[in-house]
Structure formats: structure tokens, C-alpha cells
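Labels A, B and C are assigned to the chains in the order they are written; within every chain, residues are numbered from 1.
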């Protein structure tokens, strides 16, 4: 069961160029493509003639041409041409999904089209500001429910264990962090201070810290499936504002359900330091990428057990508070959606 | 659901030599083999002792010997020897399927044996006439219902799209063909004239045409699963009879259901020109083989969608007429079969 | 359906060292590990916190540490530490399975713990006596129900067919063996004399026999899943006791159900001749290993057919007597287990 009336990331903008892209989203086959004007669209990935996937076709001026018998479907899902005949038969239509291109993403709305308000889409202008926030991005397919990755990202106590050999460092440091969590209208947000603490080696290399640092992490979950992360550090006790920290970076994490047990993990890393040096962006991305593979392997194994054995017999610990807040938020969204459907 | 009372191609004759061949047909495991006299037979691929596949055994004079405990089963499915004991236990039998070897094929009858009349088998003597019709043949396993391949072969309007880069050529040319379709007692047949048209490059190379040609294609569907194709060309306006065309070739297409969502595609290409040059046969085969891989990929993708989403919301276009005629023919065969079973 | 109140081999002792081992047994995920004292234990392979497989964690002094959030579980399945908090929540426990280490095996009890009597475990001291019985061992994963491998091992009439090209030799020789089968309290046992028979080439090479030999094979099935094999030969008519045969070896065969259609085959080969020469142990192992791959391939194919078509229409032959005795033994164990459960 998924929240349907919400915007999900269907793809990075640069994944959809001259050729169509087929992708399963909320367990429905979707084709993403651009017409002759470069306007992106999302349709059911199935020709209305003989059910061939449109993603095997090609982009044409008016929309997308089926690769089997040549029908052309426009960006609204309307068939506009059937080879070999003058008339297009009535009902020759393919389901269209609202799509918005914003901040280097193609955002799709899988629910009721009338409710698809672009104003609801998360703002992340940093992707567009390559001078101040140069970034690198990718997508990982993961064989777990998307919420297991959300849980993972919003509970950093796993760093000292799962990432002990990579970005984790000392587990104790993470438990002793000064953590403040607040609910927001669209989810939950926490700030996490690690004051007067030894900087991790990668921080030293990046910002040449000489002594202990004040570290701050800000994570904001925007339901159902976006996480905005800001991380920074400054010399301990310097007292300067986070925005002015000499070392800071931003990550975007977008999780899109493919099926109940698989998802797409869209993420980017943007460095707010040494912006002129492309190698810095590469290095930040590379260090994180390795750790995220560790996350993927763990949540996939977790999914396998949960899929087989369910939640019976599991216990919650202190650090599960954020997870439970997020689940309740999703539950409220699902309940609202069911109520809305019942009212129709 | 399959038509059971019909002959299907189980294998090319030359696929079954000294060693047994296991193949699933109409979703039943079948073993094909030859006894010491070279007589081919088809049995359930399962020893009547401990269920080991007989296809893992070996051919012996009296039939087939199970590779596990050595029971010998003859071509009628009767166990004729049990190692270590004098008597064969009553009931030691394996299901036999009627089998006929004809025109380089092993034809199998999966339905009621009493109805298995060899006279019902399609005639294709060209496979045996290697002087006049040298040919090359093969089998492609395809992950789609067999009828999706039948549909594909009997609707040539896809040539300009799916095979745009191979044998397709100009889509318009195919839509403007002069097409005549007739129902036959065993299926449907069409002739397709493309008069005074530019010959495709492969035709020019093969027959050295200097100008436009009159092209003729004849496709005959013999239900449930054979398609006989004749194709030829001559100088435009020459007025000579098709049989005398300087350039002509024949294809045989046999589709055998493996499961509801997979089939075996047996096909051959025989050239009726330059019969003395083996390279000509090779070249004709090679050009077609490439295009048939494109067909396989498309119908497999189509199968995946149809399997998930069914036929709901699909529309028919003009070129679907032949397909619908064929489906009705199959439906009548299925209805007749059910009626027959009910009467028994 | 499996006999649950029984000891099964979970692993060779040397498979579980410094790192945990995950293995599915009787269709339940199990983790095997050792604590800081080297004491082996078996738990459900699922952390009681968020269901991560414990087998992805690491061995620590007190037990096993989950690789996701660092909970520590001891060898009794009790959570003894939750990072970041002082108290362990009530109910933080993982199912423990009784485990005994004996004769180089880790034996696990998947049923009612109160009934887990170590005295019921098969004795096989030869694994511990490397001077008199040097051995080599391994485990093969097999995609068949474990009983198909038991059947295979307890019916040697397949040797002349399945292993015709390896250890089989002449089929007739096996059928003419003087075979005596007796039921035992825990299963069935047979002795099989092949008197005054030509020694197989491997015997000649190992023991330099000059003429015919008296061969003896003793196979004992201990339900549900162990087979103890002794094989030896001496010069024909020498009249010496089997224990003194110049050529003899022992095999242990342990079959542990993974699922209804897969199992683990633990086996060893110990040579009771030329004990000082490691190459002799290697050679014995190597010859047998090849034949056991043939067995695995056959029972996997048999499993596929039985899984699809069941036992309908199968007939029994003389050599099935042992198999039927074993099945009845298992059926009695299952019936006793059901009775016991009903009484509780």
C-alpha cells in the first residue's frame, strides 16, 4: 500500500533524453519521454493497440511512436496517428500521469490527477546552483520497501555499526550527539550537534581542521519520500553561524517505490566548499557512495526477513522514535486518502 | 488453454539423433528419442518408477533406458525390462504421444490419441527437395504465448517500424500493398501485391534487378500453429507467372506452445534461386534471422504487459482483421474440442 | 513436513569460526556462531529489533552483535546490550535452538527444546580419530527434498546406470550381491557381500589386489537423516574378519532439509588404509566427489518432476523395499510427533 496522492521522483532530468525510459513506479509500468519540444511526459508504458511497451518505441515530434505498429501517442496520452488509416479509433488513449520537471528531477503524480498541485513539490534549488553547490547524482535500485531506506537515513545510530569501516567512526560519538527532533507539517526534522568532537579524517582532509570541531547535521523528512540533509563543521567554539561554516555539504535523498519490496534511491551530494575543484565533488560523492552500498545490502537483507516473518516479536528501542513518528505521518496520509476516496 | 487435438512440431528431425531430447510441450514434459531402428517416439518425460526424467537416460535397441535405475521403456511407452528382476510389474507404463516424422519435422499429437490422423499434418515438401529448394533451419525459444508470434507473422504492417533498420524499408509501401485475404478450411490466407515498386537492396543483390519490380507475398496460416510463406519478385510488368519469378523464396514458421507464456519458434528459409550456391542460402537465412530476433524481443515485452494488465482498454485498428479471423478460428477449434469431450 | 524433534547437522564445526554463518534449516533462517569462549550456538537469524539477519553481524565476547544497530545477543538468545541506552527492553529475545558440537559437526534441534537429548545424536568417532581414520569432508547444497538423497544412498542398484562411467562398474554385479537388510530401532541397516568378484580398478590401485576379492558393504540409516557407511575388501576366500580387511573406508552422509525441495548434503570420506599418505585420502575423496555430483544432478531432476506431477502412476520394484521401510519409519516419527503435540 502506497500513498498515491503525492509527488514521487520518476527520474533525474538527465536520464530522459532522446530515447524513452521505462520504469515501474508504485507497481505500475510507466514510460518517461520528451516530445519534439523537449517537454517531458509520463504515460502508462503500454500501447493502447496491442499492449507493446511504449518504452521500446522512439521519441517523435508529436510525442512517442510505438515500436511495434507505429501508433503515435502525444504527451497527453491521446493517440494522434495510426499508420495505414485516416481515422484514429475512439478510445485510443493511454493513461497519462501528471509530470513536473523541477530541480533536475522529473516528479510524477500517480494518484488522482485533479489533486496534482505542483506547489506541493519539495524545493531543492541547490541542484540548479552549480556555482555555489556543485553536485554529482545517481540512482540505486534497491530490493526493499522504500520506507526501510527512509528509516535507515533518519536513524544515524547505525553509522557506528553498519559503516564502522567507512564513514561510521566511533559509535559512542553518535549516541552522545545532542539531538533535537521536531514534527513539521510535512514530516519531521532533526538537528544533531556533536560539539567539541574530533573531526573525521575526511573532514580534516577537506577543510584542514587543526583541532576539535563543532559538527552539525540537519535532516528533514518530507513525506512520503524525500530527505534533505545539511551537514557542516567549524572549529570548536568558533561561534559562527552554520551557514558560514567553512566545511558543509548537502545531500538529497529521494526514495520512489517500484514495488512493495523494491525502490529507486535517487541521491545527490553537493559540496559547499572548494567549489572550483571538480575533484572535491567527486571525492565527496565517492566516499558516500561506498557507504550507501552498505545500506542497500543491509536493508535488502532486512526486507527478506520482514517479508518472510513480518514484524511479530520485534521490540522498539529509544532511537526508533523518529521512525515511529514517520510511520504515523504516512498512516495519516493513507487514512486521509481512503477517506477522500470514500467521499467520492 | 490450448487446442490439444492438433499436430504440433515437437522438434526438427535432426534435433533427435543418438541422445534423447527433453522438451515441454503444451505444458507437459515430453521426451523425444529414437529406438535401435531409428524410429522416433514421444513419451511423457518421466520414468514410471521414481519419476526421473527419461531424457537423462540413453537410447537403446528396444527404446529408452532410464538413467537412474535402468528400466527400459519401448516406443509405445511400455516398460519392457526392470534390472534385477524377471517380471515387469503391472502398470509399468509411460504415457505415449502419437508422433509422425514428416518433411524434416517430428510432429506430435498431445490430445486424444484416437483422433491423431496423420493426414491432418501440413504438407511442406520443399524441406525434402534440397535441389530445387535448399534451406537452412533453426528453432528459437520465445517467452511469449505462441499466438503473439502468429499475430506478428500474419500482420506485416509492423515491418516498417519494428524492422525499420533491417528488412522493413518504407512503412508506406507496406500499407499501400494490394492485399487480398481469404478464409480457408484450416485457417486464413492472404496474397499481397506490391506492383511497380522499388526492390529492396537485398533483392537487387540476389537477383540483379535493374528497375522497379512486381513483388508478391503469399502467407497461409494453418491453425493452430503453422504459417507457410512464399515471396517472389519479377521485373515490373513482365506478366510472367509467380512460379516462374526469377527471385523467390519460401519460409516455414511453426509455433509450438511450451507454456501459456512461452513457445518454440521453428523456422526455415529456402531459396528458389541460385540453388547451387550454399552462400546464397546462408545469406537469406542470416538476413531473416536478425529480423526475427527483433520480433522475439518485441513479443516477449508485449507478453509481459498482457500478462500483467490483460486486454482491457486495447483498441483494434484496420490491420487487426487477420488477427481477429485467426482468433475466431482457434476459438471454434477449442469449442469443438470441449463439445467432443462433453459428448464422451 | 519434517520430523522436528530430531538432531540435524547444521554445519561442519570448521564452517563456523570467527564469523557467523547463516543457513536455512527446516525452512527457518538460522544463524550459527561462537561466543568469545568458542562456544557454538544457533539462533533464529533475525534481530529482535528491526529484523536484520544476525548473520550479517559479528562475533563478540558475549555473543553476536547485530550489524545494523549494534544490539548484542548472547548464546541463549537474550539481548544483553542495546547501544545508546542503559536498559534492555523486556522481550528483547531471539529464538534459541539447542545445539551440540560432536564428532566435527554442529548438531541442531529444531523442535521442542525440552526433548533435545544429546544422547540421541549419532555416534561417529572416526571423524575425531585422524590417525586411524584420516578423512576429508564437504557440504553440497542440493535442490531436492532430503529424502530423495537418502533413497539414493540406500539403494545401490543405481550404481551401474547413473555412475556407469565412474564408480558404477557392471550393473549385474550389483544385482547379484548377497544382500541382507534388518530394521533397527532407529532405522534400517544392510550388509551386502560380493564374494569372489573382480575388484574395481580403484581397489586394485589402493590395495594391490592380485586376484578376485570378497567385498563387503555395510550401510546404516539412522532416521531421519544420517547414513553411516563401511566398505571393505580382502582376497577372495581369505576368511579374515572385516575389521582386519586390508582395504576399507568409511563414509558419513548427513542430509539436512533446507526447504521442502532443497537440502544440505554433508559427507566425509575416511580411509582405513595407508593412513600416513595424505594423497590417499585426497584420492578417495576425489573419486567419490565426482560420483556424488552425478547423484545431485539426478535427484534434482527427479525433484522437479515429482514437484510437478506427484507420485501418481509410479510403480515399485524389488529394490524399493529399503526405501519403503525408511519412509514408514519417518511416517511413524511424524505420527508420534503429532500425537505428542496433541497431548500438550
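Rule of thumb we're sticking to: a contact is a pair of C-beta atoms (placed from the backbone, for glycine too) under 8 Å apart; a residue touches a chain by one contact, two chains touch by 3 or more.
Being a predicted model, the structure only gives us computed values, none of them experimental.
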{"item": "Copy-to-copy rotation for subunit A and subunit B - C-alpha atoms, rounded to a multiple of 5°", "value": "120"}
{"item": "Self-contact between copies subunit B and subunit C, residue sets same or different by half", "value": "different"}
{"item": "For subunit B paired with subunit C, centre-to-centre distance based on mean C-alpha positions, whole Å", "value": "48"}
{"item": "Junction residues of subunit A - those touching two or more other chains", "value": "none"}
{"item": "Parts of subunit C lying in touch with subunit A, wherever the complex brings them together", "value": "29, 45-46, 48-53, 56, 65-71, 82-85, 89-92"}
{"item": "Residues on subunit C engaged by subunit B in the complex (per definition of touch)", "value": "151, 155, 157-158, 160-162, 171, 174-175, 297-298, 301-302, 304-306, 308-309, 311, 313-319"}
